[in-house]
Amino acid sequence: MKSALAHARYVLGDNVVTAFAFGMFALFLVMAAVGPWIVPYDPLANGPNPLEPPSSRHWFGTDQTGRDIFSRVVAATQLDFAIAFASVALAFGAGTLAGIAAGFFGGWWERIIGRMVDTIMAFPLFVLAMGIVAAMGNTIFNIVLATGIINFPIYARVARAEANVIRNAGYIEAARIAGYGETRILFTQILPNIMPIMVVQISLTMGYAILNAAGLSFIGLGVRPPTAEWGIMVSDGANFIQNGQWWIAAFPGLVLMLAVFCFNLLGDGLRDMIDPRRRT
Amino acid sequence: MLSMILRRLASAIPSLIGVVIVTFVLTRALPGDPAAYYAGPAATKEAIEQIRVKLGLDKGLGEQFVDYVGALARGELGNSISTGQPVAHELLTRLPASIELTLLGLIFAIGVAVPLGVFAALRPNSWVDHVCRVIATAGVSLPIFFTGLLMIYVFYFLLGIAPPPLGRIEVFYSPPTHVTGFFLVDSLLDGDLGVFLAAVKQLVLPALTLGIFALAPIARMTRASMLSALSSDFVRTARASGLGSFKVVVGYALRNALLPVVTVLGMVFSFLLGANVLVEKVFAWPGIGSYAIEALIQSDYAPVQGFVLVMAFMYVGLNLAIDVLYGVIDPRISMAT
Amino acid sequence: MTPAAPLLEVKNLNVEFRTRAGTVKALERVGFSIGKGEAVAVVGESGSGKSVTAYAVMGILDRAARVTGGKVAFGDLDLLQASETDLADIRGREISMIFQNPRAALNPIRRVGDQIADVLIRHGNVKRADAPAKAVQLLATVGIPDPARRAGAYPFELSGGMCQRVMIAIALACDPQLLIADEPTTGLDVTTQAVIMDLVMELGRRRGMAMMLITHDLGMALEYCNRVVVMHAGHVVETAPTAELFRRPRHPYTAKLIAATPRPGTALRALASIPGAMPNLRNVSIPPCRYSPRCERFGSDCERPLPHFGEGGRMVSCWNPV
């Protein structure tokens, strides 16, 4: 553990950018956790000064019904992170288990799960998410489900590849000979070995999940107004760009970009920490 | 080589079957009453019942599936409630607009990303390399609809050099005679340079937006692939034989490095086809993406499902084409029986 | 001792590699010479710096490498100071190199005839239109049957031995004065090894070409080369005419190497292995004699900086030679 921390410090010190990403991530977490309670205005409350540019009273300005954009952007952090986190958890959980089963047991498991993965990947992923949410209705649950489904293949593939490698390595046989049951082998041997790669994937997928949810909201398949969510705020603001009222779309968009950027950098940094050979 | 192509074709069939099954499930597995969805929010009870019988929603699921496949084979994708037109016809009319946009975006992306990746690989850990990485990461981090809006704000509102984002061609011009549906091609066939330029002007911003999005994976893969090629044994031999650096970098290294880049194009198309929808909304581009979005707003489901199906089929076809292309340009595969 | 000026003279060559774990002094004061038409073997264990020396001469060192001193005289030119343009003119035309793993060393997606033609066109010997025909001729020279058809083949269609012949054709296309062969027979089966080496020697002899044969196989050095340069951990420890080296090795390492080389009539069991391992060159504190930790003749003298005893054709770098 100590050497892991020391190694982490070496890479972080070596790589200012990753340290910066960690810092941003921490900041976002704080915003997500306590955001809605510490904002100056009620994110859902209309106000008396619509379409006001950024000022000392409203740091990010107000939108067309007078709501304070700063409060809405901060409050939206919680929702967007929750959606992203839930979808990634779903994709990771289902995908990893499926992938391990496919890679470890082979046979029918591999065939069926392979078909599932191929079928999902036969669609352009965002289009599939659109189709699912359009068919099942735009509730937060369905958004999470759709995003989870389209990210399922990545985890399944990685888990399957790793499980395959581990299955062919000697120490599974050793565990079997030692009398460990299959499930026990699964949890004590395979799971810990794939966790590092999975953590990298999780970080990268979080960014993608946020973009996905925002994209769905942008075309009207996401959350419903007046909920504060970055994507729908950009969608609202889009109508006003042509008149020069840039702040309505700009701030949620920027924060959205920062969040995704942060997760991507984090993923890259984690990848470096875990396996320097894989540095891109 | 023919056998290789046929084999690739055969392997695409299970994907197509999967697509048909999934889209069927999506059309029939709507929670609540599917007939109500297709009849529309303003339908009466009798209208819903009529739709139910008309669409065969009262039959068993197995029978419905057979009907569904049969309809697809005949090219029937249902009718749009809002326009009353067959979905298949509307999609077909609007398809060239989407394809023209996506193709241009892709060409721009490749044109920028490949040289960027090559330069980054030639000078690893230099400032060019870091710029390449930042651009690549930023490219995937930016929500594409935001990039599009940013483009509009900067180039149309602030600088005034881009036309208003209102579609494929400004109102003063009439669209060229329809031959392919691609305005760039048709206007040249017409010999009308004015229309050609007008179409180009409208295409620039949305194509750029799409291109920026697709830059990242292509640049990243080019860089990694070039790094690998440049440190390979055969490049060392080429250098040791005194071949000029252009020949070594482009003729020997890049040609080999481009092979993995072709394989990454599949993933790029997945991004692009999805991003297409968002870009079409931002720029009011009359392609199949905005068709689906307009239908969505009006709770008109048949167009959306037709859209998903067509997109998936196109995507499977594109992947197939990429697979075959790779097999053709890599002699190790094209010559192996 | 070669009467005329040597074709290639390496003097005091120092090469460093910058790695994450520190600087590695890969080559230290490496020096030897090769005369016109001479065949010199550079022998040593894996990691002794043989290939690095060759790459330094050719100017194709890795990006992380730094030449920190020395001179490589080729005719009037110091290759270490020459511009990249001059070097590129010399490579493939005056000095050529062939590598191990021949199939990997050829462009996998380019026909072999075209690869030979590329070199012919580059060094100005032939017109573009004539190059393919000349390439076929060269393939015939290196003993490839049905050369006209084979010229259109890709490397993956050829055997390892044929790929090496193609590489030889590329290297000899412009009649270089010096051929550097970096373990050219590694990866080939024994029969092919002999055939390839005979081919190289024959072609070299016909053209009066000098050769630098890098190998870990002392037997090959004995069979094909006039002189031997023995390297250990980035140092040249001994150079001598081949016969003398084998009859009377002076450096303890050379003696051990010879004792460890399989010879007909000697049982494998009787072969002595060399104790210890190559020093870790990343260590900051390496003794001046990098062989001393493994040497049984180690004495108090040996902590002094290394000497170079002998002149010209015969040199040993040891305070306590055999």
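By written order: A, B and C. Residues from 1 in each chain.
Basically, contacts are C-beta pairs under 8 Å (C-beta built on N, C-alpha and C of every residue); 3 or more make two chains touch, one makes a residue touch a chain.
Nothing here was measured: the structure is a model prediction, and the numbers come from that model.
Asks: If you take the chains that touch subunit B and keep only those that also touch subunit C, what is left?
Replies: none
Asks: Specify the chain most distant from subunit A by Cα centroid.
Replies: It is C.
Asks: Specify the chain pair with the maximum number of C-beta contact pairs.
Replies: Among the chain pairs, A-B has the highest number of C-beta contacts.
Asks: Report the inter-chain centroid distance for subunit A and subunit C in whole angstrom, where each centroid is the mean of the CA atoms.
Replies: Taking the mean C-alpha position of each chain, the two centres sit 54 Å apart.
Asks: Using mean CA coordinates as chain centres, what's the subunit A-subunit B distance in Å?
Replies: Comparing mean C-alpha positions, subunit B is 23 Å from subunit A.
Asks: Spell out the residues on subunit C that touch subunit B in their complex, using ranges where they run on.
Replies: 58, 60, 63, 87-93, 96-97, 99, 101, 104-110, 118-119, 122-123, 154, 156-157, 167, 170-171
Asks: Per the contact definition, I'd like the list of subunit B residues that touch subunit C in the complex.
Replies: Subunit B reaches subunit C through residues 124, 232-234, 236-245, 247, 251-252, 255-256, 259, 330-332, 335.
Asks: Show which residues of subunit B lie in contact with subunit A when the two form their complex.
Replies: Listed in rising order, the residues are 14-16, 18-19, 21-23, 26-27, 29-31, 133, 137-138, 140-146, 149-150, 152-153, 156-157, 164, 220, 223-224, 269-275, 277-278, 281-282, 292-293, 296-297, 301, 304-305, 307-308, 311-312, 315-316.
Asks: Residues of subunit A touching subunit B in their complex?
Replies: 115, 118-119, 121-128, 130-132, 134-137, 207, 211, 214-215, 218-221, 231, 234-235, 237-238, 241-242, 244, 246, 249, 253, 256-257, 260-261, 264-265, 268, 280
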